[in-house]
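Structure, as C-alpha cells:
Labels for the chains are A, B, C and D, by order of writing; each one numbers its residues from 1.
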C-alpha cells in the first residue's frame, strides 16, 4: 500500500534513508537452492556506486553489503533474504541549508505536503541512494537468470544531443570499457567530454538508456494488466529521474503503417519460430515470443545544479536556494546497472509466475 | 498473480473473452456513498464502442451494461460492484480461419505457447474488447473524481505524421465534436482523411494520445515503486497496442539541461504554491505537486490489416494468413476514453491511499 | 483491501447481495488445461442449496450457475473464470420489516455503522447466500485436487450436545446418505430429531463440523504467517456463523505433555515416512508432512429465531423485532460443502504456491 | 507469496534465522507522525525474551533492537520502518547433533522436504525467535492504538489442567506481577509449581491464553473473507505452537440455542448502543460492534523435551534423537506479549483500512 514493494512472487521490499543507519532490501520469494556469488553482488554495487569516475558525483560511499538472512552456506534457503548497506558518508551538515527550503524539481515539497514530517538529510527516502538496494536485489535476480541463460545488457545510447545512430557500431563488450557506459568507444569519448563541460558550467544534462534482454523463454508475461512490458515500464518509471519508457518500435510506431510494423512469423528448420522484423520488441499481447526484448528509458537532467535558484521555504516565503553539494552532472552512467537490476527483478518475477500457468 | 487485477484500494478485476458470454469487471474497494449515474457510465461506453463512426470498426456491439451488485437504490454500498456487458455480435464463423493460424503481431502465438489452449474467437481474452470493462469501471472512478473537482481529458494529438503543434490552437470543448477526438477541428479533418485513405488501402496507422489531469490534490502518489507516474505508466502500457509512455517533459528531457528543466517554485498571494514551468508534469518524486499532470501515450498501428501476410500455423508450417474481418484502421479515436478510464482508476486508487499517510 | 478476495495464486473474488441481480465469483489464477465437469459443480451447489430437506430453510433457490468466462470447449484457458448464480426467490417484501431495525446478532447494525448505507434485503452482502459463490469456486478447486488424488471430506460431528465419540463408528460413505451429513446413521437420526424439535420451538442450535484431507503432498504451506493451518483457519473463520477453529490436537493440546503429544517419525519399507501418532494434524511448522490433515470448526446457532426479541432501530430507539422468515434451525448440514470448498480453495492455492519453492 | 508478510495497509515483513546475523522486520504503511517511544518497544521485547524467569528457557538473548529507517527525530515519517535485533547467543555447536536428524513434531522434516536445503541451527527460520520481530512491530502498533485509547490485554488462562474459572477473580493489574502472567495470583502460583514439576521431569506442557481488546471503534473489520475475527484467527494461528482459536462464545456456541446466544441490543441514554450479553465477542458479521473483543488461543506443549525419542535422519534411517538444549517447559508465559502483538498488528491494519469505507 505504501508502495515500497515490487513484484508478486520474487518480491522486494526496500527501506532506508540516504543519511540514516542503513539502506536495505528484503527479498521474499527467492526460490531455495540458488548459489549466491557475493563477489558478483559487490561488483554490481560497484557499477552503481558514487565516486567511480570523474563524470559522476564525488561522494564517497563504499556500498558494502551484508547478507542478514536467507542464505545458508552460500545457498538460498527459500526464506527472506535481507541485505543491508550501511551509510558511511553521512555529512548531515551539508544538508542543513535545505532543512527549511524546497529545492526546485526535487521531492522536498511533495514529501512535506504528503507526510508533514520528513528526513531532509540528503533527500532522505527520495534520494537515489535507495537504488543501491535495488541493485543488490537485482544482482540476486541476475544470478537466477544467468542459470537460465538469460542475459540483460543496458547501455547509454544518448547524452544530451549526442546519440547513437547507425553510424556508430555497437559492441556489448565495450560498455564497461568506458566510464559513460556507451557501447561505442568513439561516441563514449564525446559523451564524456560533453558531461565534463556541462559540469564545469554547474549544470546537468539528460540522457537515454537502451536495454536488451536475450534468451527470455517464450510465454513469459501476463495478458491483461501485468503485461510484461507494462511491468517493465513501471519498474523503469519507478527509477529516480525517469521521464519516459518505450519498448520495441516505441514512439516511432505512431507514424508507422500496419503493413510495415507487423512482424511476420518464420518457422526455422529446427522447429523454432522467429519473426522477420522485431518491432514488437519480443513481446506480443504482453507475453514474450522468444525474440530479443528491448526498450528505451529517458532520464531528465539531475535537479541539483551548482547555481542559485528561486524557490520557496517551508513557511511559503520566496527564497534563493544555493547550488551546493556533490551530485552527478548526468545520471545515466550510474543508472545503467539500475536499469538492468529493475529489468532482472521484473523478469525473474514473471518467469516464476509462468510456473503457475498450466495444470 | 494472473494479472487480471489492477489497483490496491480501488481494485478492479476484469474477466471475459471477446466472443464468450459476457465481459465484465468487479470493482472491490469503491467507497460507500457514491451516487451512481448510469447514463454517464453508458455514455462513456458509447465513446469506446465499435461502429460509432466511419473511421472505426463497423462491428456492431451495443455495449449495454448491467450492474449486478454493490449498488443499492442508486448508491454504492461499499461491497464489490460487478458490471456485466453481454457480447452480442458473436459471429464465431468469422474467426474459424484463424483457429489454426497465428496472425502476425497478434497475441495468438504467445497465448498458445503460454497456455496450450486458447479461445481463438476474435482474439479471446487478448481482444481489445476487454477494455470496455475498464471503461465501465473507469466511469465509476470518474464519478468519484468529479465530486472532488478532478477533471481528466485525453485527446488524439497525432495520427501517423499528422501531429498537433503550436500552430494548432487546442480546445477541450472540441474533442468530442469530431470523430477522431482531436482538440483542433482543422487538424481533426486532416486526420480523418488520412485514416480513410489508409483504410482504403487495407492498411492501418499508429497514433498518439495526450492526457491531462486538472485539479489533482497535492500529495497523491507514493515515493518508491508506486510513484504516481509509474502507476500511470503501467496502466497505459497495459492498454492493447500501446508502445510508449512519457510524462511531463518525457523523452524531450534527454536533451535538456537542469537549469532549463527545473521548475522554480512560486508562492502566490493566497499562500498557494505553483511552479513557473511544468516539465515535472505535476509529479515530483512520484507525488503530485498540485500542477497539471500530463502525459503522452504512443499506439502502434492495428495488427489486423486487409492484406494477406506470411505466417505460420499451429503445426509450425508456413502459411498465408488472409486479411479479413472488421477492424479499426487506427486505434486512437476509440482509445481516448480508455486512456481516461485508466488514468481515473489509477488516480482514485492513489487518492484513497493518501488517506493512510498520516496518523 | 475491501476483503472480498481470498488466495494468492488461485485467487477468488466474490460479489453479490442476497436479493440483488446475482451472486458470483471471479477465479483468477486457475491454471490452463483443467477439464471442467459442470455436473460436478452443480452437484456441489445442490449440497449447499436451501430447501434440500426438512431440517433446512424452506426457501427455494435453484442455485443454477452459468460460466461466463475462462472456460473454452470445456477446458480452462488460464484466464479469469467468472461464475454467476442468479437470485431467483427475491421476495423483498419479506424483509421490509427489517429495513429500519437491527436484528440481534446479525450484521445489520455493524454494516450500517461502517458503511452508512446498506442493502437490507435478506442481509444483503452479509447473507450466507454469498457462500454459494464459494462452493462454485470450491468445486473447481476440487476438480484440480481430484486430478492429484487429494480427497477432502467434511461431516457434522456435533449438533447441540449430540456428539460423535468413540462409541459411534464413522463411515465416509454414510455422510451423504442422511440429511444432517453425519457419518454415523444412528447418530444422524438423533441429530435430525433434535433439530426438528428445536425448530418446532422457533429456536436454533449450534453444531460442529470435522474436516479431513487425505493425500496432500508433503511440503505444502508456508513457514511464517501463511502457515497452512493459519490459512485454513482464516478460511473457516470467514464462513458465516463460525466461532472457532482447531486443527490436530486442537484445544485438547492445552492439557497434554510434550512426551504424549510428540509425533514420532517412522520410516516405512518403501522409503516413505509417517508418524506414529498424528496430533500435529498433518502439519508441522505450517507445512504439510504427508499425514492426514484434519480440523474442527465450531458454528453458533443461527441468529434468526422465530421469537420476538428486544432490539433497537436505526433511530436508536428500543423496538421489538418479530421472528419471521424462512431460516435454518441449524446451519451445519448445509455448511458441510462450504467447509469443504474453503478447504479446497486454500489447499489448491498452497499447492500451486509450492511450485515456486525451489530453483 | 512466500508468506513472510502480514497485513494490507499496516504491513509487516519479517526476516531472519535463529542463529544468523539478525532477525528483523520491515513495517510498511505505518502512518507518518507517530511518536516512537523506544523504551516501550524494549519493554515489550523484554516481556518476550528468554531467560526472564525460572520457568522459561535459560538461553541468554538481550534482544536489543535498532531502528534502521523510517523514524526521524523520534517520529515516523511514513517510510518503511526497519527494526533489527542482532542474534547474540549463537552457540551453533549446540545444534550440530540435529543437522542430520529430524526432531519429532518440529519443522525440521517439513522444511527439508519443502526446500531441500535448510539452516538447521536452532530451528533456523522456524524458530520461535522470529516472533521477537513481531513483538517489535507490535509495539509500534500498540503505540498507534494507545493514542486511540484502544487497550489490549492477554493473559494465561490455563496451564495443563490448571485453569481459571469463576472461582478465581481476575485482575488485569496482576498479570505482570507474576512470572506466568496469570491474572490471579493464587492460581499463578499453582501454575508456576506445575511448570517446574513438568520441567524437572524433562517434559513440557500446553496452555491457553485469553486476550481482550477494549475500546475498539465500531465498524472495524471487513464483511467477507477479511472478517475481523478471521484475520485475528489467522494472526494467532501463525504463532508457533498454536493449535486452536475461538472468539466470543467459541466452541461453547456448539451446544447453545439461538435464544440464549443472541446478544440483544440496548440503547443507552447517551445515544450509545451496547448488547446485554456478548457472545458475539464484540464482532458481528466480521465487523466490530463496539463491545469488548475477546478470544482464546490454545498452545501445544513444546516439542523439545529432555528425553530421548525415536525418529529418523536425513537418510531415512531410524535414529534416536537425544533430549538436549535450553527450551521452555511451557510456552504460554512468553507467548502473552506475542498474542498481544499479533492482535495489535491486526487491529491497526483494520483501523486504517476503515478510513477507506466511505466517500
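Criterion: a contact is a pair of C-beta atoms (placed from the backbone, for glycine too) under 8 Å apart; a residue touches a chain by one contact, two chains touch by 3 or more.
As the structure is a prediction and not an experimental result, all values here were calculated from the model.
In summary, the chains found to touch both subunit C and subunit D are A, B. The most distant chain from subunit A is C, comparing centres defined as mean Cα coordinates.
Annotation: 39 Å between the Cα-based centres of subunit A and subunit D.
One inter-chain figure worth recording: subunit A and subunit B are separated by 26 Å, centre to centre, where each centre is the mean of the chain's CA atoms. Here the spacing of subunit B and subunit D, counted between their Cα centres, is 46 Å. Among the residues of subunit D, those touching two or more other chains are numbered 1-2, 4-5, 8-9, 14, 29, 32-33, 76, 78-79, 114-116, 125, 223, 356-358. Those residues of subunit D lying in contact with subunit C across their complex are 1-6, 8-9, 14, 102, 104-107, 109-111, 113-116, 125-126, 130, 158, 160-161, 198, 203-208, 218-219, 221-227, 229-231, 233-235, 237-238, 240, 243-251, 253-267, 271, 273, 275-276, 279-281, 283-289, 298-305, 307, 309-312, 316-318, 353-354, 356-358. Only residues 1, 9, 29, 31-34, 76, 78-79, 144, 147, 223, 352, 355-359 of subunit B touch subunit D when the two sit together in their complex.
Those residues of subunit B that touch subunit C in the shared complex are 1-2, 4-5, 8-9, 11, 13-17, 20-24, 26, 28-29, 32-33, 66-70, 72, 75-82, 84, 114-119, 124-125.
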